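Before anything else, here is the set of structures, which you'll find just below.
What follows is chain A paired twice: with chain B in the first complex and chain C in the second.
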Partner chain A sequence: MKSRTRIPTTPLLMILPSFLLAMSIIGYPILDLAWTSMQEVSRFGKMMGFIGLANFAEVFRDPLFYSSLVRTLIWTVAVVGGTLIMSLPIAIMLNDDFHGRGLARVIVMLPWAISLTMTAVLWRWSLNGRAGLINATLMDFHIITEPIEWLATAPLAFTVEILVGILVSIPFTTTIFLGGLSSLPQDSYEAAVVDGAKPWELFRYITLPLMKPFINIAIVLNVIYVFNSLPIIWVMTEGGPANGTDILVTYLYKLAFRFGQLGKASAISLIMFFVLFVFTIAYVLMVMRQEHDSTAEEVKNDA
Partner chain B sequence: MTPKLKKSLLYWLLLSPLCVVILLPFGVMFVTALRPRDELFVYPPTWTFSEFRWENFVEMWVKTNFGGALLNSLYVSVTSTIIAIVLSIPAAYALSRYRFSGKGLYRNFLLMTQMMSPIVLVLGLFRLMVHLNLVNSLNSLVVTYVAFNMAFTIWMLQSYFNTIPRELEEASWIDGATSFTSLVKIFLPLAVPAMVVTAIFTFINSWNEFVLALTLIRSQNDYTLPVQIFSQVAGRYQVEWHHVMAATVLATVPVAIVFSWLQRYLIRGMALGAVK
Partner chain C sequence: MTFSIRKAMAASALAVGMAWAGSPAYAKTQVNFTVAEYSSKTGPYFEEVAAAFEKENPDIHINIQVVPWDTLLQRLTTDIAGGQAPDISIVGTRWLVDFASQGIAEPVDSYLTPEFKSTFIDTFMAPSVIDGKTMGLPVAASARAMLVNTDLLEKAGAKAPANWDEFYTTAEKLKALPDTFAFGLQGKEIETDAYFYYSLWTHGGDILKGDGTSGLDTPEALQAVTLYKKMIDEGLTQPSPTNYTREDVFNLFKQGKVGMVFTFPMLIPQIKAEAPNLKYKVLPFPEGKARATYGVTDTLMLFSSSQVKKEAWKFIEFAYKDEWRTKFDHGEGFLPVTKNVAAEKYYSSDPDIAGFAAGLPYAKFAPTIANWEEIADTTVRALQQIYLGQAKPDEALKAAAADINKIRSK
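The block that comes next holds the complex of A and B.
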């Protein structure tokens, strides 16, 4: 019988096509951005010569960069925090058996099925100050007397965008938590119930600690996704009014494709890339540690 | 009242605010898509309207080139899904069945590519496509969607491949089959359900993608659905909201139904160790 390990080139050939494609589509643009960020670039994308770190210096002098940066932090922390606080109880409920659970799962997961662009278009129209049906509903219930212009002032528009951001992040996060909950050992719950533990104590001392790895992964993945999310803000307000809802990605997009400041846009892309890189390393380390733990557990169980 | 019924009522009570907020914009979508144009801007705004105007859909289809955008979206999503699956099967199989040096490195590389979002690279990608003369070509989207989806497809396929017992292939090797025939005749047929599920999620991802389509496609005839609908809302003095909502109904409802039907596989995929 042939030994499979004698031909180690086979698996390498099998991964080669996907590796090459990823390198050229994801790896090459990073190098190109690094190169462009150190060039003086004309409005039409022509390279005018090497200028070192001048583009970065310009970015760090730009007040709009700082206000977008601060707003990116608020956006990321608020959306990820809100999503986690909502998703864990939802996942615990959806993991439990109750009447109509199938329907509840479908509704909670629904925003995931719809493109963020479409969701944002729907909200932009629903929140329309003059004809929006959100205003109509709130007026019908006498919660407000006058229609509200939700998207006309930056602070209110940004708050609304954060809430929509939370809404669309819940399905993915809940899915991670459901995966985690279904892997929890049932016997520890039974033992605790026998010992007279109350539901809150079960949550606090069993569910929460055992769910910790899944919560960590949900935090890191959501931070990465939310930090990078363009469609909601772009479709609802395009970063306006008066750059008042710009986060880094919308500001970057404007610089690159509206104002033609390619050098500066490349510099911001690169800065964002490094932030993302740090989070990615954190994620990879976390996944590796968890894998390590679960193999250690398997070894222990085998013994 | 049985304890289960009590619990169900409590859970639905707790979940209902969220469900209302999720469903509300879809309600808005349907009532706007079906109302006559002159009832869009009435004051005070109301949910009710005088008649179901199904012609809105026909009008929208003709006026906004919806059919063209639909075909573009279908072409891009189908092609990129097929290529992504074809490239991912060998990679997932290698990760699932072989021990080789660089395996851990390759998995981490995949994780990293998954973290890289199109928006951070969009300027570099745009310049790459200019060099390749692919700007304005739907194939630029196909290539990038394949690359950005591949980590997900490999990861999903691998987690299902791991559940297919090795013994089946080993038995066929003993019967004298080469590893290639055992792969094609024994393994792949067993993996069909996993491939279908993965393919559908890849399709939905490509179908919904916005940033790259907005950037790499410049001519109106080549717009995919999200960009086409966005272009009817953004930077217009007068937005034909009943057309926009009719287009949104057609673009989202079929995908939402398929997704709702398949979402349990995604949860199972996560439980099978996709998160690990």
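The block that comes next holds the complex of A and C.
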């Protein structure tokens, strides 16, 4: 008990150099960003003087900021949620031994090898109303009679973009889950099977609880990647039509590099950083508390 | 004493000799030139000009960076912010005000000899003049026009329209043909606003009113957009224009699926290469209250931060020699910006180029005002809302005009 409360200094000293390095690499840009966000910045990035929180005030007066924020939340929840729901069954299937498993694993991982921008360009072409492969295929199979203009209206375009987002997030998430599945203890399964547990019960009461840490890490990492992901939406619709598919990062990109409002853009990206930071800390704390509670319970049960 | 001087002289002579022999890094002055990529020919063309220039001026090295149009402004923004601005660059003339007002563009009046100045066509020189100072030289120019598919017109028994009423009736006749869209209307991404300005100007409206406020809340603008909206609703355009970029609309035209489009001269070489059997004709935009076309120029800009302005200017003068301009304009399909090239027979005898050049006397240019990109984006947003039926034309235009006036602080 004593050893737990004492603060161990040697390990802390050992991680100190890499901690300092990380802080200077991660910390400096953030400080610079914070500084920029409180400056009046010219069209071409020259600092014109300190203006306090005026950039932030302008962001909070902007209706497009709020609609982009809401859409960012929908985008993140839908893509991460969809990815998790898709990836876990895929990972379980790929974990089973079957003929051609190696090939199946390669096929699932392949999208990862292609850059996000390229994937988005391919989808943009495939979804083209008149010349696209998707419409041609659907019409050949007589599923539709008239071509569908997938990216013409915001709701449909955004849905399609979310689906593409899920598709490109699956390989990474599946990899995490596969790693987790292969580390699960086989004896608990065997014991459960002996006790007459059905496959669904095996999944519900053994796989899912044991996979929890892996699911948690998949959630945190995916939220960070997806929240910040520019290429899919930018390539397919540039946030249009009529800003109907803009999320914060595409809106930010437009502000910074099209309109040259670098001060306002810095303010938004600082807000984005803050949102992610709060989410990550809150989530990690929540997970740690849960784990702590459950281990405490186990200890009690053992006693 | 004499000995040491002689020794020093010998050493410096040796150094000079070595520099000549081939260590360019020490003796050559480097001029950094950012080139916008118009087509795959642009990079090789400027490399060729630079090589010819370096042959005559061995002490100057021209370092060419080819950047695609889509990322040019972003690239220049980050270069300038990082203190790595080039010495000269091709920029969109519509950005020039922003560059000039921030003191990034160098006025070139003091370099511009009257003789050199007289080689340019005045119409194209004018957009680069801001507050009486010449902030750059026109480097490329194009005017827009209407392209009609003459085969389709013949089949439909319609004649090529000269005004908007005829345009509408021709569209109705074209619609009757199977698998054909009458009018290709752009509704997505770059220049969606330009496609509307064609209609705005010919209806007698303008981007800005005389007092500098937005012209979107005028009856002319409403008339211009209502016509497009009506054509969408009646199926006279391809369905869902908001899914069609400029290139998508042009592709439909190349495939012979659309009867009429509004376009730029650069489409002609594409048609010749990709759809050589397509029969088409270049015509002026339909007339309403006024005749108009959209004149677009790009500017060659000298950076005020440059340390080698003299050398850079020497190269600029070299690159504007007739032989180089002819090669550039023909290769890229641009209209000439210099008088000598414009006088070539090619520009009056070639019916396609002549069709585009015909509009120049009454060409309108995008106003040289600050925050142009943001104003264009506001306009595009309103247009998309109207095309999609999300907003009523008059309300969307009024809201956009108010936004634009706010951006312009009017």
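In this section, the second predicted complex is superposed on the first by the 252 of 303 C-alpha atoms of A that agree within 3 Å, B and C clash if a C-alpha of one lies under 4 Å from a C-alpha of the other, contacts with A are read in each partner's own complex, and residues count from 1 in each chain.
One rule holds for everything that comes next: contacts are C-beta pairs under 8 Å (C-beta built on N, C-alpha and C of every residue); 3 or more make two chains touch, one makes a residue touch a chain.
Model, not experiment: these values are computed from the prediction.
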| item | value |
| --- | --- |
| Which of chain B and chain C A:Ile74 touches, first, second, both or neither | neither |
| First, second, both or neither for A:Trp150, with chain B first and chain C second | second |
| Touched partner set for A:Ile206, first chain B, second chain C, both or neither | neither |
| First, second, both or neither for A:Ile215, with chain B first and chain C second | neither |
| First, second, both or neither for A:Arg130, with chain B first and chain C second | both |
| Winner by number of chain A residues touched, once chain B and chain C are compared | B |
| Partner chain in contact with A:Glu238 - chain B first, chain C second, else both or neither | both |
| Touching partner for A:Lys46 - first (chain B), second (chain C), both, neither | second |
| Partner chain(s) touched by A:Ala197 [first = chain B, second = chain C, both, neither] | neither |
| Partner chain in contact with A:Phe257 - chain B first, chain C second, else both or neither | both |
| Intersection of the chain A residues that touch chain B with those that touch chain C | 45, 128, 130-131, 238, 257, 262 |
| List of chain A residues in touch with chain B within their complex | 1-2, 4-5, 8, 10-15, 17-19, 21-22, 24-26, 28-33, 36, 45, 86, 89-90, 93, 96-100, 104-119, 121-126, 128, 130-137, 139, 147, 167, 170, 175-176, 178-180, 182-183, 214, 217, 224-225, 228, 230-231, 235, 238, 249, 252-253, 256-257, 262, 265-266, 269, 272-273, 276, 279-280, 283-284, 287-288, 290-291, 294 |
| Of all residues in chain C, those that touch chain A in their complex | 73-74, 76-78, 80-82, 98-99, 101-102, 104, 187-189, 238-244, 248, 251-252, 257, 371, 373-374, 377, 380-382, 384-385, 387-388, 390 |
| For the chain A and chain C complex, residues of the former touching the latter | 42-46, 128-131, 149-153, 237-238, 240-243, 254, 257-262 |
| Parts of chain B lying in touch with chain A, wherever the complex brings them together | 4-5, 7-8, 11-12, 14-15, 18-19, 21-29, 31-32, 40-47, 87-88, 90-91, 93-95, 98-103, 106, 108-113, 115-117, 119-128, 130, 143-144, 146-148, 150-151, 154, 173-174, 179, 204, 207-211, 215, 226-227, 229-230, 233-234, 241, 244-245, 248, 251-252, 255-256, 258-260, 263-264, 266-267, 270-271, 274-276 |
